[in-house]
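Following are the structures in question.
Look at the two complexes coming up: subunit A is in both, with subunit B in one and subunit C in the other.
Now for the complex of A and B:
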């Protein structure tokens, strides 16, 4: 049966740079609840084998490329630092900004304090102990042990909790901005999102670093949606040209709730992104949108897991990727419907543009179905731009390079048009255009 | 010298010879119709004039406004004033009509950027003339369009670009009478001293809406007969067999 899980370890399996001593540093001075959570996650982390190139999950991305051992976990000060406003911030109610110097939470629209909570995890563990106790680290399913989910759970160095109360919503939304300019350091951001019944809001996340500065990021985001909640996330991985990224997103979606998780991978040199949803009560639904564009020897690996653990649940996944200039992309996904889950609707589509012969895209969709009476489909396409489309645009006076740009942007538009926040859609267009213009970078 | 001259044009695709010496002359201000049975090379001729990369010209020349266009890319031909109304316009999902038209207008603008205000105004006016809803401009180009919508989209482009020489490749195929009338309305509005038009068609029907000055009959890759509008009626009555007999007799 296809699985993306790593096997259990027979003896404690530690990755270089993430050991007991580092755990002690992370735990020191924290509320008891977080200390206990870190220790439990550390135990789980050591009980899963270290990733190796022979594991199914890593056959197309050798874990050596993560360069464990070359990065030191950043010790991010817990004291708030001054907030530096940027023009795009006006499109959000709350802006969270993280740099190696510290964090700033700016409530621009005065939305927090009542029905909306935006706090560091340390503060939330004190103010909302039972909620954190119940939700932190619990979004994954036990069938799929996740090494990096647990690693982040033990070693995260910046954590936030976002909570929206019953039937409340945010007029604009929340932006989380991470920037790391310290050579040889590891950022481990943790995000815990809880939405009460009927809550509705959107989040945006952005990762940036200067070109030429080697950094590692191991990110983990958890989403818990109570009945009828509606949460959207768009995350833009836009690290500088030598950044390394590992990400785990997990959402647990209850009755009549809907989550949209958009994962956009454009930056860095090596990236491994896993997005999983568990639609666990009738009429729960999830949309997983993905966009990746690997050029100039970038190596991007995308995994999706659509778990259907209740009858009458829905999930739809569309990942679109492009490769050029020796870029390499991998998409691998699983739809899994548990026994007795009748009335499941699940879709998985991965389309790839291979823009030159020196680049490569692999696509491995799959279904694991233990239930009857369901509608599932999966499919993948692979190819270069359609010559007839190119000819049509050129016959209208549009130059070949411009026509190619339009077609690549058009290809991605099916994903981009669903992304929350116009500023994020604009930024995505910009980054893609930069990649298509050989003179804009370097 | 005519504004568009097709001289002894030979062309092939995948080594198969399709055009075997086509001669045609069209001036601005004139409407020519080109008819012929299936497989005579009508659509190939339009593709070769526009510069489709799959076709190879092996002999002859195409001269537009005194200059050979054979070495030009399709985009250069378009900017030189040539416009092809496609028989089967391809869908381009994710590229909106307004974005596409803007890029095509930018390409024609001497400074590379058509001012947005006048562009939008012109687009809206032309769309209204062709009875297209304004919201249509946000749709993906030809994405999920009906046959009639696709052809209207072609005419809309023609009205925006104001080409000097237009080739309509079986624009009437698959159109109901209402859609055909709207297409004809657009063409007749554009018709005038600044535009030459070659209407390639399978049926006489469109020629009752867009009256031609000349009619040419293409058979087996050659223009075998040319005449005035009276030839349309004759062809309708007697069919292509009559043309075959006539040309065999003169050969």
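Now for the complex of A and C:
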């Protein structure tokens, strides 16, 4: 059966810079549980072939572009460093800040300790051993092994655990802020989120680096939603102009629970993002929102998987992208309904704007359906801005660049309006406007 | 003669599953340069054709069979196949065997011109050779050439030389290379400048001998302002071993030319346990070479145990257009991976894809398509709609469209749905006194309507009947 996954390796397959020695460094001084988890992930990682351009998943993004070998894994000190407040922080209850110098967890609204846990994974492995043992790196895999999920599992250099207890909620939510300004380094953040029955909260994540500093990031997030939980995540990939990003997000959603995963890809030079959700009990639902805007030779590749492993499960997906100035975007998504999963309702939409000559967009939505009595559909469109809409605006005295700006913002608004944090929505508008402004070019 | 028991379920299901016991001239199993020389000699081909075949064969030896499709079948042993088989009397150039005429009558294909459908000229291929072409005189008056490809190679070498392999080059893919090396028969159509072909051109392909492969090669050339409509039908005896059919069809349409190509594919599909059936690995491609040219594919795929087929159009000429309408039905243990490829090269080109997949029983039905807009293909337009209907819990339906746009003026829209026959529709019909089976069949017919309306009339009636027979017992 053909799959998107990389085939198993006949002999251990290691990527440059991620070998046994680096694993030993990562393991040293850690709780035994985490050491065991890292070793297991390392084993799995070596048993999957290294990505090559001839593999179906990498046909449209040559893995050579990840430049493994020119980055060394950052060794981030585990001791907390001083928290450096920023104006936007007031919109969140808890702010986690990560830089190559160390990490800071700031509980601004005094919510943690009781029903809400926000800890480093090392601390959580000591305080909540059984929960970490049960969840870390376990539940959220598709039927297919993932190379970078396992790589991150073995080599993550900063990890957090967020847990919200039964029926608890967070009024404002949590911000995770990653900043890397060290040339030639690799950041591997890991996030484990567990939501108990009825828990409700939102997370925001932001990745930044200065322009001109080459960095690699291999990020991995896991979400475990117990019945009736409701979790939202918005992740903004806003690296400087030479950042390289690989991301894997996996969510496992139980009965009556709902997850919203927003993946916004705007920065960096090469980005490969995979988002998967497994709606595994009746009435579980998932919403995947995506926004990508590739300009100035940026190459963005997004993969989504809506995995329906139980009857009467729901998922909806909307990915909107634009390309200009030799940008190249790839969207590839799968809706998968397993045998006997009747009553599934799944939808997939991918809209693309190709704004100028020389840019390219590929769209590959797919349906893999092994059950009847369900409704799965997808739609994909490609085109430039509608000349009639442009004409309408122009005839009302709006200049052409302004009219284009309005139409592109309007195009993306369908995704942005669902994003949970106002500050995030503002930031998204800002970045898109920068990309549209011809005078902001370097 | 292993005649089927007419009361058996199989015979009702697939009335074309009989075998004609006539003397056949079959070459031994196996594939080598010598076998190709033998085939070429039997066809009395010129030297250049043999060289062309050998070149393709050497290329094929270096290729691997494609495994990316969503299909599951064992490796094929290419040395276990007879590459040439012909009815003996025909091979000796005598009158047509009455047994053969009877066979085709049984298939509903009268070879006798008086009885044949008035508006259809037929070329009939039996295993590896063409056994007859009707309405030759009428066509000759118009300057139309319609004959078997072997005849064309002998009689019109310049035309064949100029176009053969220009749309599907021998190295295009594994099966195209194999076909180029060993192709035996198929049709050749040439529509001269300004001629609208007055009749439907049609080829009927019949596999009869056991363990043979059929390697059909069809070439259609339509010159400036020409028009033709071509129909293709196929059947094979019911056997419990698999047989290979690897065809290549090439169409070239010059300025303002229009070609309509319709297929009703009803190869033997194997029994309910998946035993036997034809492997249908086909490369079909049209080249809209001239401006304002148009190529339209309409297919009704109801047979073959495994189908691997992506009829497509290369829209080279400015303002050219390509169409693809397909109904693919799979039942029992059938597997199909089929769809269309539209490559936009010229300016102001447009393409339409309408694909309806129906899967029943334990079958797997996949749509796989490509819409590619190359840089500079200004104002390309595409609309694709792919719907799948699932009947039964054990079947699967998958959709894999690939959309690649490298031009900012292109407008592409794709939509796909997968669902079962809705309870509401059934209830509505049932409450009007229509039996469940009839209601379901009505819904299926409605589902396929968008495609059937593009078929020539006789084919359209035939297709509806075929669908009903195939779905009997699966619905309700």
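In this section, the second predicted complex is superposed on the first by the 437 of 442 C-alpha atoms of A that agree within 3 Å, B and C clash if a C-alpha of one lies under 4 Å from a C-alpha of the other, contacts with A are read in each partner's own complex, and residues count from 1 in each chain.
What we mean here is this: a residue touches a chain if its C-beta (ideal position, glycine included) is under 8 Å from a C-beta of that chain, and two chains touch if they have at least 3 such contacts.
Small disclaimer: the values here were computed from a predicted structure and weren't measured.
Asks: For the overlaid complexes, name the partner, subunit B or subunit C, with more touching residues on subunit A.
Replies: The partner making contact with more of subunit A's residues is C.
Asks: Please indicate which partner A:370 is in contact with in the superposed arrangement: first for subunit B, second for subunit C, both, or neither.
Replies: second
Asks: Contact-wise, after the overlay, does A:396 reach subunit B, subunit C, both or neither (first, second, both, neither)?
Replies: It touches subunit B, and subunit C stays clear.
Asks: Is A:356 contacted by the first partner subunit B, the second partner subunit C, both or neither?
Replies: second
Asks: In the superposed arrangement, does A:380 touch subunit B (first), subunit C (second), both or neither?
Replies: Touch partner of A:380: subunit C, not subunit B.
Asks: On subunit A, which stretch or stretches are contacted by subunit B in one complex as well as by subunit C in the other?
Replies: Correct list for subunit A: none, the interfaces share no residue.
Asks: Using the touch rule from the top, collect the residues of subunit B that touch subunit A in their complex.
Replies: Against subunit A, the touching part of subunit B is residues 50-53, 73-75, 77-79, 84, 86, 89-90, 92-95, 99-100, 103-104, 107-108, 140, 157, 161.
Asks: What does subunit A use to touch subunit B in their complex?
Replies: Residues in contact with subunit B: 386-389, 391-400, 402-403, 406-407, 409-414, 417.
Asks: Spell out the residues on subunit C that touch subunit A in their complex, using ranges where they run on.
Replies: 67-70, 72, 375, 388, 390-420
Asks: Can you check the complex and tell me which residues of subunit A touch subunit C?
Replies: 1-2, 56, 339-340, 342, 352, 354-384
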